[in-house]
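In this document, chain identifiers A, B and C correspond to the written order of the chains, with residue numbering beginning at 1 in each.
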Amino acid sequence: MSEVGVAIRLPSAATAPTREPWWQRLLASRSGAVGAALTGAVLLAALAALAGLVPHDPIVQHPADRLLSPSWTYLLGTDQFGRDTLARCMAGAAASLQVSLLAVGLATVVGTTIGVIAGWYGGWIDLVAMRLTDVFFAFPAILLALTVVAALGRGWFNVAIAIAIVYTPIFVRMARAPVLSLREAQYVLAGRLLGFSVPRLLLRHVLPNISSIVIVQITLALSWAILTESSLSFLGLGQPPPAPSLGQMVSEAKSLAVVAPWTLFAPALVIVIAVVGLNLLGDGLRDALDPTQER
Amino acid sequence: MARRLAGALLTLVGVSLLVFLVLRVIPGNQITASLGTESGVLTPEQLASLRSYYGLNQPLPLQYLDWLANVCTGNLGLSLRSGQSVSAMTAASLPVTLELALLATAFGFVLGVGLGMLSASKPNGVRDALGQGVGLLALAIPSFVIASALVSYLAAKFGYFPNALPYAAPWEDPLLNIQQLMFPALVLGFGVAAPVMRTTRSAIIEVSSLDFVRTARGKGVSPRQVAFRHVLRNAMIPIVTATGIQFGYLLGGAVIVEQIFALPGIGRQVLNGILQREYAVVQSSVLIIAAAFVVVNLLVDVLYRQIDPRVRAE
Amino acid sequence: MKQSSLIRSGIGLLIGLAMAVTACGGNSNSTSSTKVGGILVVGRTADIDLLDPHKATAFQTVQSLEQIYDTLVGFDSNLNLIPRLATKWTYSDNNQTVTLNLRTGVKFQDGTPFSSADVAATLTRILDPKTAAVARSNIALISSVDTPDANTVILHLSSPNVAVVTAMADDNTAILSAKDIAAGTVNTAPNGTGPFKFSKWTPNQQLELVRNPTYWGPKPPLDGITFRVIPDENSVVSALESGNVQLGVLSDPLAAKSAQAGGLHIDKTPQLSYHVFQLNASRPALKDVNVRLAISCAIDRKQVLDTAALGEGAVTGPITSPAYLSDPNDRPCPSRDLTKAKAYMATAGKSAGITLDAIVETGEYATAVNEMQNVQAQLKDINVTLNIEILESGAYVQRWLAANFDAAIALNGGRPDPETMYGRYFTSTGSLNKVAAYSSPKLDTLFQQGRTEPDVTKRKAIYKQISEELEQNAPWVWMFTGFNYNVETTKVHGFTPMSTGSLIFLRETSLG
């Protein structure tokens, strides 16, 4: 689990944005560039898989070609059912990203909304929200995820729900903190005095200012989601076969580590690249988006 | 302080409700879990008697209150299959996980602080890249890959797998105990090291830029002394709090490592309980883990307040 | 290069030191193959769940408890009945009465002498609905039990059924002491007449048994057996490689394959449980036998076995018990015949194709979903479309019991006696007939004949007919049986694996 405590520095409206756009800054920093590259590579592979641009069908079995080491026909070799490892890695990346994006998307929307509302209105709404997040935080994360999956049944959608449930409280906390101080910021007070409606204030003044924090957290959450999905697969509660998912591939390949190591290393490597890439991207975004943070 | 305790208690009640409800949503019950397809052979009378034995015929709110009342009096319930009390099971399994979590946290702390110091010594340089890179890798490789690979390799190459021997508590056979825990702690420690490294790095960078450090350097204090006595000591606060939080996460999060290394910890207890639909086991165990987590957080909070004079002034 | 080898030897040294310290009482080098002594450690992925043999359903529990308890009759490695606590059994009164002669001089592990009173108390307990005993339905036909003397038991059956005696080889009918039953200590203090007695149970870790010094049979060479829990199958293999475990019980073919690579000895025994593609003949789409036969002819069972289970198994017919084994070629299409299959579909008027809702379970055994996938692919060739629902165990069991499916991939438990194996499925009054979704007057008659025929040769002929009848009507598509894998280190001698997965011959096994 990544830490939640991110140092928040509030942007003041006075800093005029007369600098290069954020993505330039992102790519200029080393972690940003590497992170973007790695994440981009995984994303590309996933999209290719979704578009069907795979060397072989990831699900089709070729019993005659079982456990072949990497060759020109099968660039990353085949598994125990004669399925192409490369194709499965790509499809697995797509599946893992699909689950992670849905999960984190849900967590972001729900969590940020609750967090902003709790931070803005305060009072008992805030109290209830904080208590609820406390409850979810105290519940051991992986156990909560697997209990939810056991409850809802397997399938990528339910796995995504489980991960979303675990991650939502983090977004709640994370979105709430800056809102508490933003509420008293000069320009916001001005807006309130002028009688702007709450939704307008929230959407046009508060949200944009916490967006950088949220975006950074999204990348970190995605990396955690990918790891959690693979952990759930290992425990036998993740996405069920035959659709490949990275975690499930690694879990199956454990027994083959000696006989066919590529079946283990390939999906594990994809997981590592995705997680590393997302984390670096998050770091880079943190620097690129937050104009006042010094390095 | 009293407010915090009350808050903690409320949190635990919330956890109890959450776990109770989520468990009930899982299809199947203890009867189908233990008998599988054989449960279809039961006569209606047999089914009824099993249902009342498992307490399944009571209305849900009553089942919840029953269980909660028992917990408050120290009765954590029974594993209905084996007749063991959950308290006894937990008393055996919790210390295992605690020891594992402690060792993992200690290892993660040492590794994390080391890497963090390495990175922060020359920000944006090669050392920084190295430190951050290792930390990141430690985080990114799924724990069960490392664990599995380690077990397979050591057994195949050296015939070495101490966890295949019965688990030895530290007071029974300390040497075997350390051997059984050192590799799992290593694997889990990697996951702890990454966030600790980040916190260390940013804390050191921040502290290094403060005036008193410049003064020390100006006074001619050796770089080593500056690094440890001045910078690290003052950077410790966020580092320790981050480490403490990681320890809390490990209590429930060690289940995979416990599976692979056959450690009879509380994570496995919960997992088995979920698979066997042993409601009492899961509910009470999760509650215990949550309670431990809450206690750890409270302690870290208290520690933080004691150490940091600025916070104390609040 | 130099540095890595240095590091390697450094690690090796460290581990060597560690091993030297932990190496517990080493095994002496003896050339005798029936060396007496030593504790055999069995590694398996799950723990026993309780100590009461009458309630034990979990495989591991039965495997362990049958070392402690005896049954009236037992099986040899071919699943022929052999005497245990009953030395002789005779039928009379139109096969409705069974007279059992009991072994003399047997003692329970707590010293209590064994007698007919214990048998009577045991059977009463099993038959009592309140006990919720697993074997109750198997011996429900026992209407009363007489004990004319201490060494004789007479069973009166409400209707003749030869399988009742076979049912008493099942560990779920283990003979308990009448004293223990009355005291209610069965689930807390195991006390049997078997070759090993209970020593200690550390839940989720291990179960320790030691030799029973007053056992009535030949003295077991082993001092004791320890059943150790190692949740991950790969870790079991590692444990075997480290020598800390001497016998491993595996179910995953892949894990077994990796054990082979490690230089261990693997016993592969065809199981009694069978992988089957169940069809629900009560559903409109499957009511016509031609549709079912088409499906049966369109499936290449060997392909399913090869793709789903890596060829680790044997194609099978309905009956899997070695004594009554079905001939897998004794079916309308011994090998895949698409022409015939399409002809059947045409006869049924379904050449355009049908769609079936199929359920499969996940998480319980490794090959289920792969089997379903392969069957789905094969059935496409005759325009049969399967809509697959992958269900977690709890949900699957509910659907399966309610016969809420058109088709299902299942791994059903087999039994040594075909009557107990299929009587409850394919007779009109069977308790699981709903799930089987098929019966016929002919099958009812045949089953009735089978259960009342004491002559083994004649029985085999009857069950051959039943097997053919089942294949001709294709209510289910029987595919293959998997293997039980027992992996041993080279120290283990004299171990005989069983198709039931039972480890009962550990009483003859020796170490060293």
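Note that contacts are C-beta pairs under 8 Å (C-beta built on N, C-alpha and C of every residue); 3 or more make two chains touch, one makes a residue touch a chain.
It should be emphasised that the depicted structure is a prediction, and the values quoted were computed from it without experimental measurement.
Chemist: Chain contact graph: line, ring, star, complete or other?
Modeler: It is complete, because no pair of chains fails to touch.
Chemist: Does B-C or A-C have the larger number of C-beta pairs in contact?
Modeler: B-C is joined by more C-beta pairs in contact.
Chemist: With centres defined from CA atoms, tell me which chain sits nearest the overall protein centre.
Modeler: If one averages C-alpha positions chain by chain, the most central is B.
Chemist: Please report how many Å separate the Cα centroid of subunit A from that of subunit B, as a whole number.
Modeler: Their C-alpha centroids are separated by 22 Å.
Chemist: Please report how many Å separate the Cα centroid of subunit B from that of subunit C, as a whole number.
Modeler: 38
Chemist: Where the centres are mean C-alpha positions, what is the separation of subunit A from subunit C, in Å?
Modeler: Using C-alpha averages as centres, the distance is 45 Å.
Chemist: Subunit B: which residues touch two or more other chains?
Modeler: Those would be 26-27, 148, 152, 156, 259.
Chemist: Could you list which residues of subunit C touch at least two other chains?
Modeler: Each of 234, 392, 395 in subunit C touches at least two other chains.
Chemist: Any chance you could list the residues of subunit A touching two or more other chains?
Modeler: As it turns out, subunit A has residues touching two or more other chains at 150, 153, 254, 257-258.
Chemist: What does subunit A use to touch subunit C in their complex?
Modeler: So the residues of subunit A in touch with subunit C come to 59, 61, 63, 66, 80-81, 150, 153-155, 236-237, 240-242, 252, 254-259.
Chemist: What residues of subunit B sit close enough to touch subunit A in their complex?
Modeler: These residues of subunit B touch subunit A: 7, 10-12, 14-15, 18-19, 22-23, 25-27, 123-124, 129, 132, 136-137, 139-145, 148-149, 152, 156, 195, 198-199, 202, 238, 242, 245, 249, 251-253, 255-256, 259, 267, 270-271, 274-275, 282, 286, 289-290, 293-294.
Chemist: Spell out the part of subunit A that touches subunit B in their complex, as residue ranges.
Modeler: Interface residues on subunit A, with respect to subunit B: 1-3, 5, 7, 30-31, 131-132, 134-144, 146-148, 150-153, 223, 227, 230-231, 234-235, 247, 250-251, 254, 257-258, 264, 268, 271-272, 275-276, 279-280, 295.
Chemist: Name, in rising order, each residue of subunit C that touches subunit B in their complex.
Modeler: 11-12, 15-16, 18-19, 21-22, 24, 43, 49-51, 57-58, 129-130, 132, 134, 136-137, 187-188, 202-206, 226, 228-232, 234-235, 237-239, 241-245, 262, 392-395, 397-398, 400-401, 410, 412, 424, 431-432, 435
Chemist: What part of subunit C is in contact with subunit A in the complex they form?
Modeler: 233-234, 252, 254-255, 257-258, 261, 303, 306-307, 310, 362-363, 369-370, 373-374, 390-392, 395
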